[in-house]
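Structures for review follow.
Heads up, the next two complexes both have chain A, just with different partners, chain B and then chain C.
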Partner chain A sequence: MKQRIGVYICHCGGNISDYVDVEELGKMFHQEENVVVSKDVMFACADSNQKDMVADIQANKLDAIVVCSCSPKLHLHTFKNVAARAGLNPSNYVQVNIREQCSWPHSDRPREATVKAAGLIRAGINRVSYSESLENIELTVKKSALVIGAGVSGMKAAIDLARSGNEVFLIEKDFFVGGRIAQKQTLFPTNQNGKEVVTFLYNEMKKFPNITIFTGATVEKVSGSLGNFSVDIKVKPRYIKPSADKRSVERAMGECPVTIHDDFNLGLVERKAIYKNYPEALPDVPVVDAEALKDAHDFTSKFASTLNLNEEAQTLSLIAGSVLVTTGYDHYQPKEGEYGYKTISNVVTLPELNRLMEMNPEKLVYKGKQIKSLAFIYCVGSRQTKGDNKYCSRQCCTSTIHTSLQLKEKYKDIQTYHLYRDIRTYGKQELMYAESSKQGDLYFKYEEKEMPVVSVDGKSTIVKVKDYLTAKKEMEIEADLVVLVTGMVAREDATTISELFKIPIGRDKFFNEIHPKLKPVETVIKGVYIGGTCQGPKNVSESVQSSLAGASKITALLKSGTVSVDPIIASVDANKCTWCGKCSDVCDFTAIKEVLFGEKHVAGVNKAVCTGCGICAPVCPENVIEIAQYTDNEIESMIDGFMMDFDIKEKGTGEVVEVEEEGKVGMKEYPLVWREILAGMTAEKNTIPEIVANTKLAGELVTFHLMTMNRYGVVVPAGMDAKETYYYYKRK
Partner chain B sequence: MSTTINQSPATKSPKILVFSTDKISDPGIDQAGLRKIHYAPSVYVISLPCSSGIKPKWILHALEHGFDGVFIAADGHECSYSSRCAEHTNTIVETSQVLMKEKNINPRRVRMAALCSVCAEPFASHMENYGKILASLED
Partner chain C sequence: MSRVNPKFATELSKYGSSDFNACFNCGNCTATCSLSTADSSFPREMIRYTTLGLEDDIKASLKPWECYYCGECSSECPRQAEPGELMMSLRRYLTAQYDWTGLSGLLYKSLPLSITAFILTFVGVIVFAFSVGFELEKMIHFGHLFEGIAIGTIGLVILMPNIARMWYFTILKPKTKVPFMKYLKSMGELFIHMFTQKRALGCDDNQFRWFEHFILVIGYLSLLFTTVALNWFGTSSLFVIVLGYVMSAIVFVVTIDFVSSRIKKDKAVSKHSQPSDIFFVVWLFFMGFTAFLVRLFIDLDLLEMNKWLYIFHLTVLVQWALIIVPFGKWTHFLYRSFAMYFAKLKEK
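After this line comes the complex of A and B, so read on.
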């Protein structure tokens, strides 16, 4: 139990103290027997206060501190660092949120806000009384990374990881690298050929001897954890003898009598059973579909010195310190009959159109008919209020408009109709939308409640749409080809990867990061990162950005050879554990295993794997599992703290703003922002835009702080400018 | 531990203990404050990593020590730890209700709802509605 606690209650300028009587609370908690220091401070986060706190901790030999201010999201680490600087273990610090969860939501009831704040602070003191000094867990890590998926994201990440000196294993399920971008003839906004980008990246990778690429490879088994993942991969055979010369392989490809479904061209054509996705596909070794050739005895015996149909898959074990998953996405596949897909002959998806365009360099021909007009129906399989895919796929609007521009450039005499819900060509991509409108593409806005209908009228295909831009007038568009703009969906095999690495999957079935803003490429599995479209719809540049972020995270993680991880994890009281296995059953991370403790079997926690989620704790029938910093004592003492009643005097209604003299606010120095604002007040009196221009601070920030400075009499209004647009302020 | 002056504050709203989670519902609750969306000051929040980590004994402890109700802001499908989070949290509620029945505590004194990281208004309306329900309970 902590006996020398320091409590700091923040005014936050007036954000807290306007409604909560922080001075009274400061005095009140000073009377507590285990509280040595209790202060109200103007800005707890100000440098000057941080210095005072360090001095207090050292001078009074404080064994724990409680800071009562804003949300821990903002300053948890600020004060943990204060504790560390003062030589106090940061685990002996508790943040109490009396702003977002007290003064602000209860600004209408200041007295009750003060009572609540007292309860919250008491709970914080109770909690910190039970805090224990925890040390980060140190793990040894291997300086190698496994990248899963050799699309543009995976390849870029592999290059960066290798350049930073890591050993890199890049594995790709397909027999050729490149992923989806190889299927695109041109990529916006640079109009580069997707295949050229793939070739460039492959050649770059080849310059690094520390990158090993495995194609036709899948992850079979994963064990170990951060620093030492042990991953078994299965490499499927290509059925081409290593000794075969290139010429004989090419001859075999040319003479192969069997054709199979062409996955690369989305089934629009067939390909030979010895194939490459496209002539320049890399690695430059074709693949044999042995199953398809099993009855072609004459052919296989003719090429017996080239083919080896008995070749077997290999299983290899790799050790990686960290893992980056860049497995990409699948195209949404419309259901049969969805806008006439598969039931009306001239309905295709956007990815299929992209393949058609590449296969038709001169004239756009589909099923023997030249295409002169196309109707694009947007948001197919995306933004479904009632369907599975509620999200927007981000890149399809731009991709369609880019395709539309390419169509006109390539085939000249062609008309496109765009049936959209909203056009989301964000950022620079908006320019393409303008260009498309300029070239005469026609746009019709529909709503989800009245979707376009595709039907056949004799030899024509008609798309009916109620155009919301012309008072819901029903339009009938005759189109040679109807193109369904399909979005991105999570890969079918995402669940397999998720199960192997224990990566959580979101409602949209894509992999889940920890936090979209603060930890955008991290997963709850330590050492496992996600990048690219396996995380959710992204365009190429966004995919690369996220995978490079993942690569940087991994490089930083593996750099020193050891890694320090958060000690907030589960612990089992082995003396009391009777091993029933329930905790192990609910742990999605397999962090708990049966271990021997003396002669008895108990639950053992793998410190490197445990995420501290706490799911195991409530299921323990003996209640012998606790999570550090969330122990029974800590939580129950907080509840007791909330329940204590306090005699709080009325401070006022909160509507009256007390203007205090500079000396009375108890500031040793003004906060940094105030000092910057004062420095920016170069003339005798200044308007807010002038101060903004002088300081380069954001306008909102200057306005907010200037109001507070005015309230505390640091500045005062000094009339309005000539146009009566802005007030002048001057120093008091 | 010292106990402070024992004088009841003027508030009559039922006391609600909210178990929230630091990555998902906490930002939603914080946002309610940021936007000055008012709810009863008798609502207190304890933040945890995941709603599946709440022990039924904590719920009992709160209800036996003066809280009128416990509200679990469940992570549901957004949980970054487990795809079965909603299921686990639901089991915790059910287990608690069995224990509550044994102690003659109305099972409606524990409630669970999914709350997202921007659910500021839904949080305030949950608190208002649950407060009304709790005020009407006579066990």
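After this line comes the complex of A and C, so read on.
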């Protein structure tokens, strides 16, 4: 219990004091037990006042302080720092918000605002008197990082992490590095070849002995926490003997009789069952599709010294101090029949067109027909006001326009039509849009409610669109190829990664950062960062920016070998714990595990993992879990404080105004919920479900408040119902 | 349902404008235009029709004629798509479409062809002069006769059918129902615009441009009247002689300003001058100036020198009457006023 408490009540230059009688409150709390200093100040946050507070704390040997001003979001750290400067543990500080919660919302009722402020301050004083001095938790961390996904984001981050002296494990699900950019022949705005960028980054990584790359690898199991993640990965076999020489492998590739679906070329062509994504793909070792070759006995026996179709997958364990997830995105796959996709022969997606362009260096030919005109339909799978993908995929406008410029440059005599909803070529990309329209590309604006229709008319394909730029005239466009500009969606396996690392997923199914502006690459899991398009649609430069931000965060985190984390976490009273496992079941972060305490099995909290969310505390049947700074003592004393009676004088008159009596609780006016619950108790005695039905309040809310009302003697239990399921309650 | 035709843009660029593809449909041009109204808004709509190649809509539209080219839209355009010049080019295009002979289009699109036509007419005049032994009297007599016949023939054979075609494209084909009485009641509109070009006063740029143009039209029409009906070169009436001097002087003095601004390219309207625009003002200048000198030489009795001067004048006159009037820019005098008349008919 703190016995020398200082209370500071802020005027906020009139923001508070115009409605709340802060001077009166200052005098009033001076008489409180354990309060040594209580004063009203013009601006609590002002430098001069901060100095006065430090002086007060030291002169009066204060052991706790309460500042009653604005939201803790604004000034919690300001006053925590004041406490620290005065030599007080910052946990012995409580902020009470009497501006956003009293003066501003109740400016029409100054006296009630003052009553409420008095209650809140009293609650704050009670809470701080139970506060304990807490120290940040120091954890030892391993200077190694796991980067998941070797696309452009992952590779750039790996290089940066390695350069800063971290050990880096880069794992890639595919057998070759590069991800999506390898599928783009020209990247905007530099017109670099995606494959060349991949080769450059791969060679760059090879210069660092502290980068280990695993291809064909997936994460299987994750345990541990910040500083010491233990990750099991499974590395799939390539089925090529390590002893095989390069020439025989190449011969096997050349002679392979079986062809399979070419994932890299999005199924536009087939590839051999021994393949590389593209000739220069890295690492420079082909992969064998063992399943496809299982019946080609003649071939496999001929190359028995090269191939090993019985090779097994390996499982490896890695220890990493921190994790950067750069797993990327999937292209939206149009449903069959969406704008004629798969039902009309010359409808493709933009990624497919990009593959086609690379495969056709001279003339653009699709299914044997030369393509002279293309109609692009934008926003396919994005910005669906009624569908799943409500977001804008951000890069597709520019990507399409860039493709359009490339088409003209490469194939000269070509006409493109662009059916868009809004053109979002933000930033410098706008110049490409100007260039595109200047070269004669035609733009049509459609609305989601009147989507373009693709149809076949004899030998030609017609796109019909209601053009909002031409007074909604119906236009017919004849196009040799219809290109669906598909957006980005979260990877199919994003949920697996999310479950393994406990990264929250948004409604859009992309990974969620903590805060889009202030913590853009951090996740709620300490030590796990996200970068690139696994977080949401981004173009290449934005992806790299975010993954490099993540890499810098990790470097800074691991630099000293230890990290300091917030002490607001759960703690279990091991003496009383009986290990039922309920807390562990509800924990979203797997922070609670069964541990041995002497002879006894009890719940143990992993300090590095616990976020202090508090979900475990109420489920504990023994009530032995406490959350630091939110202990039962603190919370209950706050309620007590808030419910106490006050004589609040009307400002200026000095008179004590009698407040109408209603019930017999300390607070003169019930919280609104209490009134509603009381109104809902229509019969002489009611069970909780009856009250819930009468009030339309949530069941948990009624239960919680009824317990409190019982505690303050507003209601009392009155026996059980016939089935002995629920208690009856009645007004006291 | 309209079929998009991107090839139209290439066709139209032969009439001058080529930057309209840069348009991103912001509508600043329409917003800034002082003649555009809610009921009849342009030029954005015309740019859109052009980029998409909606020929039928363009042919049915009177809007190109409703623009008097102050150039504000072009200077406000954030994409430098030159909407004002597009409207100008559409007027050339429409002139070619209205012309049943198709010669307008050929001459607009090909400078060599225009020059060939000018040379041929010049050769014709020389051959004629040779045939009458370069006798001034006979030449002037023929010249006067030619003027009368040319006006009648060109008007009847070329211009009237072309106006009819314009009516067909803009009223009949789009199925606009106009009661017969409306044709009569709105007739006033036609003459007001023909003789005053009062719509140009709505342009923000300057009233001086309108005034200059107005004076020129009056001067030109009066000169035409003086030479054709009053036989200026043959008359001895002092009033007619003085009137001719004044009118021809007005024509060549005002055209000096027009020609010089076409050369200096200092105004938006003259920045993108096509050969047809240059021919029009230069030939108008020559007409006024040579007519003035021919009459002056007659009065000063400088017959030998006047012979050659008259051949020059006759060449200009013949080229004017056979090339510029029926197939060149002269027609805008008719189409603009008829467009205002037809627009009135279309009004609900």
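In this text, the second predicted complex is superposed on the first by the 536 of 732 C-alpha atoms of A that agree within 3 Å, B and C clash if a C-alpha of one lies under 4 Å from a C-alpha of the other, contacts with A are read in each partner's own complex, and residues count from 1 in each chain.
The rule we apply is simple: a residue touches a chain if its C-beta (ideal position, glycine included) is under 8 Å from a C-beta of that chain, and two chains touch if they have at least 3 such contacts.
Everything quoted here is computed from the prediction, not taken from an experiment.
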{"item": "First, second, both or neither for A:698, with chain B first and chain C second", "value": "neither"}
{"item": "Which of chain B and chain C A:636 touches, first, second, both or neither", "value": "first"}
{"item": "First (chain B), second (chain C), both or neither touched by A:524", "value": "first"}
{"item": "Contacts of A:415 with chain B and chain C, given as first, second, both or neither", "value": "second"}
{"item": "First (chain B), second (chain C), both or neither touched by A:720", "value": "neither"}
{"item": "First (chain B), second (chain C), both or neither touched by A:615", "value": "first"}
{"item": "Contacts of A:505 with chain B and chain C, given as first, second, both or neither", "value": "first"}
{"item": "Touched partner set for A:683, first chain B, second chain C, both or neither", "value": "neither"}
{"item": "First, second, both or neither for A:476, with chain B first and chain C second", "value": "second"}
{"item": "Most chain A residues touched (candidates chain B, chain C)", "value": "B"}
{"item": "Interface residues of chain A shared between complexes with chain B and chain C", "value": "none"}
{"item": "Touching residues on chain C, where the partner in the complex is chain A", "value": "1-4, 6, 9, 19, 21-25, 45, 48-49, 51-52, 54, 79"}
{"item": "List of chain A residues in touch with chain C within their complex", "value": "415, 417, 423, 433-434, 437-440, 442-443, 445, 464, 467, 469-471, 473-478"}
{"item": "Of all residues in chain A, those that touch chain B in their complex", "value": "28, 32-34, 71-73, 97, 99-109, 111-113, 115-116, 118-120, 122-123, 126, 129, 504-507, 512-515, 523-524, 568, 586, 588, 611-615, 617-619, 623, 627, 630, 632, 635-640, 642-648"}
{"item": "Residue numbers on chain B that touch chain A, as the complex places them", "value": "1-11, 15, 17, 22-23, 26-27, 29-34, 36-39, 41-42, 44-50, 52-58, 61-62, 65-67, 77-85, 88, 91-92, 95, 124"}
